[in-house]
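Labels run A, B and C following the written order; every chain starts at residue 1.
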Amino acid sequence: MEHGAQKSSSVLQKKYRVLVGVTGSVAALKLPLLIAELLKITGVEVKVVTTERAKHFYNAQEIPVTLYSDEDEWQTCVIRAWDLSKPLLFCPAMNTAMWEHPITAQQVEQLKGFGYTEIPCVVKKLVCGDEGQSFCMSSDSSCTSAALILKGCTFFCRVALL
Amino acid sequence: MEHGAQKSSSVLQKKYRVLVGVTGSVAALKLPLLIAELLKITGVEVKVVTTERAKHFYNAQEIPVTLYSDEDEWQTCVIRAWDLSKPLLFCPAMNTAMWEHPITAQQVEQLKGFGYTEIPCVVKKLVCGDEGQSFCMSSDSSCTSAALILKGCTFFCRVALL
Amino acid sequence: MEHGAQKSSSVLQKKYRVLVGVTGSVAALKLPLLIAELLKITGVEVKVVTTERAKHFYNAQEIPVTLYSDEDEWQTCVIRAWDLSKPLLFCPAMNTAMWEHPITAQQVEQLKGFGYTEIPCVVKKLVCGDEGQSFCMSSDSSCTSAALILKGCTFFCRVALL
């Protein structure tokens, strides 16, 4: 018990560093909300790496943390050089036709095969009018999953994957 | 017989929408001819999406239909979000060394695995001087294949695939 | 014996054409040294194709041979159209985290499956401070391998593979 309490205390004092990657999907409009939710977690330091296309969907003024712009595939390089001893979460979000294309399942399986963790998307009414797969920000899904994995160590969370 | 005639009549009245995608291969110089042939088919509406590189091989003034320019991988996005209940035809055309590279057969098989239809290329004298695989515009091959599939529904025809 | 001597003489008179491809890895700083070593081999003609990113790591003034700049994936096209009857050597060099990512082994296996020859990298202290996989220029490894294969015919040597 004593040992467990010490360990828990040590975990709480540890600083968690979260890098959020965001790409050009409509789901990127949820970025300010995601950042706000992450910053509510004690001991979390958040930074964002964004593609130029993703900026179309949110207001950079609403992001209160360091924002690295990705003009030249920098985000891809970060993932290519990811230390796999640290968790990487990915949150696919896309139009139904994209989601149902057989290459999507192949790509999701490949990412999971690398040891990445999928935060499954939910079906909802999309901006384009179709029903579709979207990144869900409800309190009982994505952020909770993220918080649970945070109890481990630093992770990379990709809001949308084209 | 009566029923067949009605069905045929209904098919003829239906409007077929064809999106032709063209990429940077020498075969793209046949684009004006392909469009002209497609427009001879009754009830067909044709649009083109082209890469910037493809424009090097034809004169945009000779294309009498809407031409979408593709400065930012837009053509790739169209295919990524393709509704697979509608046919997609692809017409590989390239230099012999490219064609014989083992990755070509892998890529062609992957495309066919998605349910896309290959319009096979024919061997002919290429602009570079080699014998090679090229998209054939003769009346008894590509356009006929395209027309046959058109009797089904809307399709996407990619003139050249690098 | 007589026949062997004639053959050897004929090989020495033949001109070998080497195209060196270089991409944006720190290992690219060894390019001037690689070119100097290759030019010591009798009957070798050397040309270089470089990406824009690779230029960051070496001084183009120190390259005494034709240097083709690669602004638009030209290097990728050269490899895509490579005549596989001629050898292609590749020399992966990267940070340890990149090297250990499972996609690296998949990519190396795919390249070897095409018939390309890997010049294995060696572990050394990298510029970034980590131990890592780097392209080795010692006289008993890369250049020797290259020279041995040169005894066959023209080849393409890629200094670094991101």
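By our rule, a residue touches a chain if its C-beta (ideal position, glycine included) is under 8 Å from a C-beta of that chain, and two chains touch if they have at least 3 such contacts.
Chain-to-protein mapping (UniProt): A, B, C = Phosphopantothenoylcysteine decarboxylase.
Keep in mind the model is a prediction, meaning the values are calculated, not measured.
In the Cα superposition of subunit A onto subunit C, the rotation angle, rounded to steps of 5, is 120 degrees. As for how the two copies subunit A and subunit B face one another, under half of their interface residue numbers coincide.
Centroids of subunit A and subunit B (each the mean of its C-alpha atoms) stand 38 Å apart. In subunit A, no residue touches at least two other chains. Interface residues of subunit C facing subunit A in the complex, by the touch rule stated above, are 94-95, 97-98, 100-103, 162.
Residues 77, 80-84, 113-115 of subunit C are the ones that touch subunit B when the two sit in their complex.
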